[in-house]
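Structures given as structure tokens follow.
Below, chain A partners chain B and then partners chain C, in two separate complexes.
Right after this comes the complex of A and B.
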């Protein structure tokens, strides 16, 4: 899987939480890595996640089965690497998709729903994670929630749980 | 959960291992891609009553840990290529004065400030010859977090046994990626503690008089014995000497204590070597791509093998020669312009059969890059 977006949106954090949940709570192997420029914000950020029940040697993703794009810049940069027939999830507010991509494209109103129901864009990434986990079903939402508890200050847990649930609902709606 | 499982970056695996090994003084100057080591230890060391110091630059970082080591601490610093360049003067001092210390260099693209956020393995020869003058050095590397942990502990142990700086050459790819780490229980891995002199207070202590086994017991600086420490050639009291026998004897001692134990110091892993027609030789993150290819091709019946080096210096010539002997071709996989390639060519009987699969553009070497070279060797074209 590849999660992509703009620096500061939390795509790397989301990737870490997903991979950590797989390793610590679902007994799987996972590797998470990221590539970024020298800047702290902006730019097209990318995080790779490999989840497997066997040992993982090569740690990067060349052709993702699942590609998530949260900005237009990330979509333009990365849509071509997706494995033919793979799953491309993008945010409907930020990304204008192209017809020519050989993938199953799902445009989901992640940002708008988060803003409407929670009012704070900070949990945009967790909402995305909820949608991914509902569609892909590799790591259980319970495990993701446990990993969140490790990494998120207690005061923010409720908001994150809510964002995860919203994401799961949005994700489930696309596979029904 | 009885096992202590973590999902961490390679840098954190290294820092955890340093704590396990008994690190109690760290000085450093943060630099990408090694900063997480400094960050992690800045929070953890004070919690266990140990010292963390952020210094003004890299040479002062190494100087600070040299001083702390002399007082009896287990010490480490971490940096990347640009900082490692600045440390070279103090590195020579630590070699000459025989100060146990661990220096982590998380490699990034160079020369100069180069590529801060991209991986490379371009500092292999710098680790060997970055500081001036004849000398020997121990440099270790690893390709996954469990091995980073083990070799960091090993680095501390070897530093104590041989009274020498030990360099841990990691790289951006393994340092920044996250994977599973099982932290060993206390006591599970052997730790070497400081060999202290049995000479009592008031009795002459010779800081540079080796025991029969070549080891030099230390006395915590500032405690009961007064002695001299210098970067000049010195006698057994530690005072400067240009007496030819003393100079010759000390230089031989500094080099021989390491170079005479090449096989003892060699750490490596091997996969499917016995019947390998084509043998990959690799280390650090590159070894992950090499292993990927070997496992894939083996499942299709192709006779590929992998020798993963973990000790880069002193270079394990004999072992490399022996392991490469039966292979039709040897492909060194690394992310530089052929630094270990040169050592392998020198070690093997037929240097003509040694090829290089590399990448020097900041992109992590892909299995396809190795396959390309393999196909060329097999005469299959690109």
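Right after this comes the complex of A and C.
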């Protein structure tokens, strides 16, 4: 998978939590990485996650099965790397999905729903994780919640749990 | 470089901050990654950073020039990967450096000094970054501070700045 967006949206944190959930609670292997270069100074952040039930030999994602784009800049920069037949998830508020790709595209109102139901965009990334876990079924939502409990201060857990649940509902609604 | 320690010590955060500092403020390229597998369930966390002034082709660290070990378990697990002639930095409170390695070993009182001067071990990782930046001179302490300002809530910046300064002093003391 590749999660992409702007610097403050928490795509790296989301990727680390997903990888930790997969490894610690679902018995899988994972590699999570960030590549920075000229583009990091430009605006689109990218975070890669490989999850497997066997040993992972090559640590970089070339063609993701799942690509998440949380900004237009990230979409414009990364849409073309999606694996043919893959899944491209984007935020409906931030991204106009005008490109033609050989993949399923799902536009989800992640940002708007978080803002409406929680009021704070800070858990936008956790809402995204909920949607991904509902649609892709690689890592269980319960494992993601446990990984959150490890990383997030107790005062913020309720808000994160709520964001995760909202994401799961939004994700499930797209596969019904 | 490889930063290693236990889960709660913040080695991943330290690695991300170092990579961001290198890229955003020192004009370098960087790749930062975590590999998780059976060992993530065991106790020693490892975080890899490659920093270069040219394009980075292979994203994983095989033999780090700099290896930091913040726990005995991390030291026992990773000491042998140090590049011959490299630099192995360990925390003097947590690690007994009893192995023979073809590298320079520096034991630094990071944890004890943070606890004595700040009282909170939460910025142990930032103190370690300060020491690394003083000894290795790849990324400037000013750039690390700017990267911290991007990531750390304003209320905690003073404590992080102090931890970084303590680390720089401890690091400089080892190269005088």
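Here, the second predicted complex is superposed on the first by the 169 of 176 C-alpha atoms of A that agree within 3 Å, B and C clash if a C-alpha of one lies under 4 Å from a C-alpha of the other, contacts with A are read in each partner's own complex, and residues count from 1 in each chain.
Simple rule for what comes next: contacts are C-beta pairs under 8 Å (C-beta built on N, C-alpha and C of every residue); 3 or more make two chains touch, one makes a residue touch a chain.
Note that this is a predicted model, so its numbers are computed, not measured.
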Chain C versus chain B on the shared chain A, clash or fit after superposition: clash
Touched partner set for A:133, first chain B, second chain C, both or neither: neither
Partner chain in contact with A:90 - chain B first, chain C second, else both or neither: neither
Partner chain in contact with A:62 - chain B first, chain C second, else both or neither: first
Touching partner for A:4 - first (chain B), second (chain C), both, neither: neither
Which of chain B and chain C A:12 touches, first, second, both or neither: second
Which superposed partner A:105 touches (first chain B, second chain C, both, neither): neither
Contacts of A:30 with chain B and chain C, given as first, second, both or neither: both
Overlap of the chain B and chain C footprints on chain A, listed as residue numbers: 16, 19-20, 23-24, 29-38, 56, 59-60
Chain B residues touching chain A - in the complex, by the definition given at the top: 5, 7, 32, 116-118, 173, 176-180, 285, 288-289, 291-292, 295, 364, 366-367
Residues on chain A engaged by chain B in the complex (per definition of touch): 16, 19-20, 23-24, 29-38, 56-60, 62
Contact set on chain C toward chain A in their complex: 7, 12, 16, 19-20, 22-24, 29-37, 40-41, 55-56, 59-60, 150
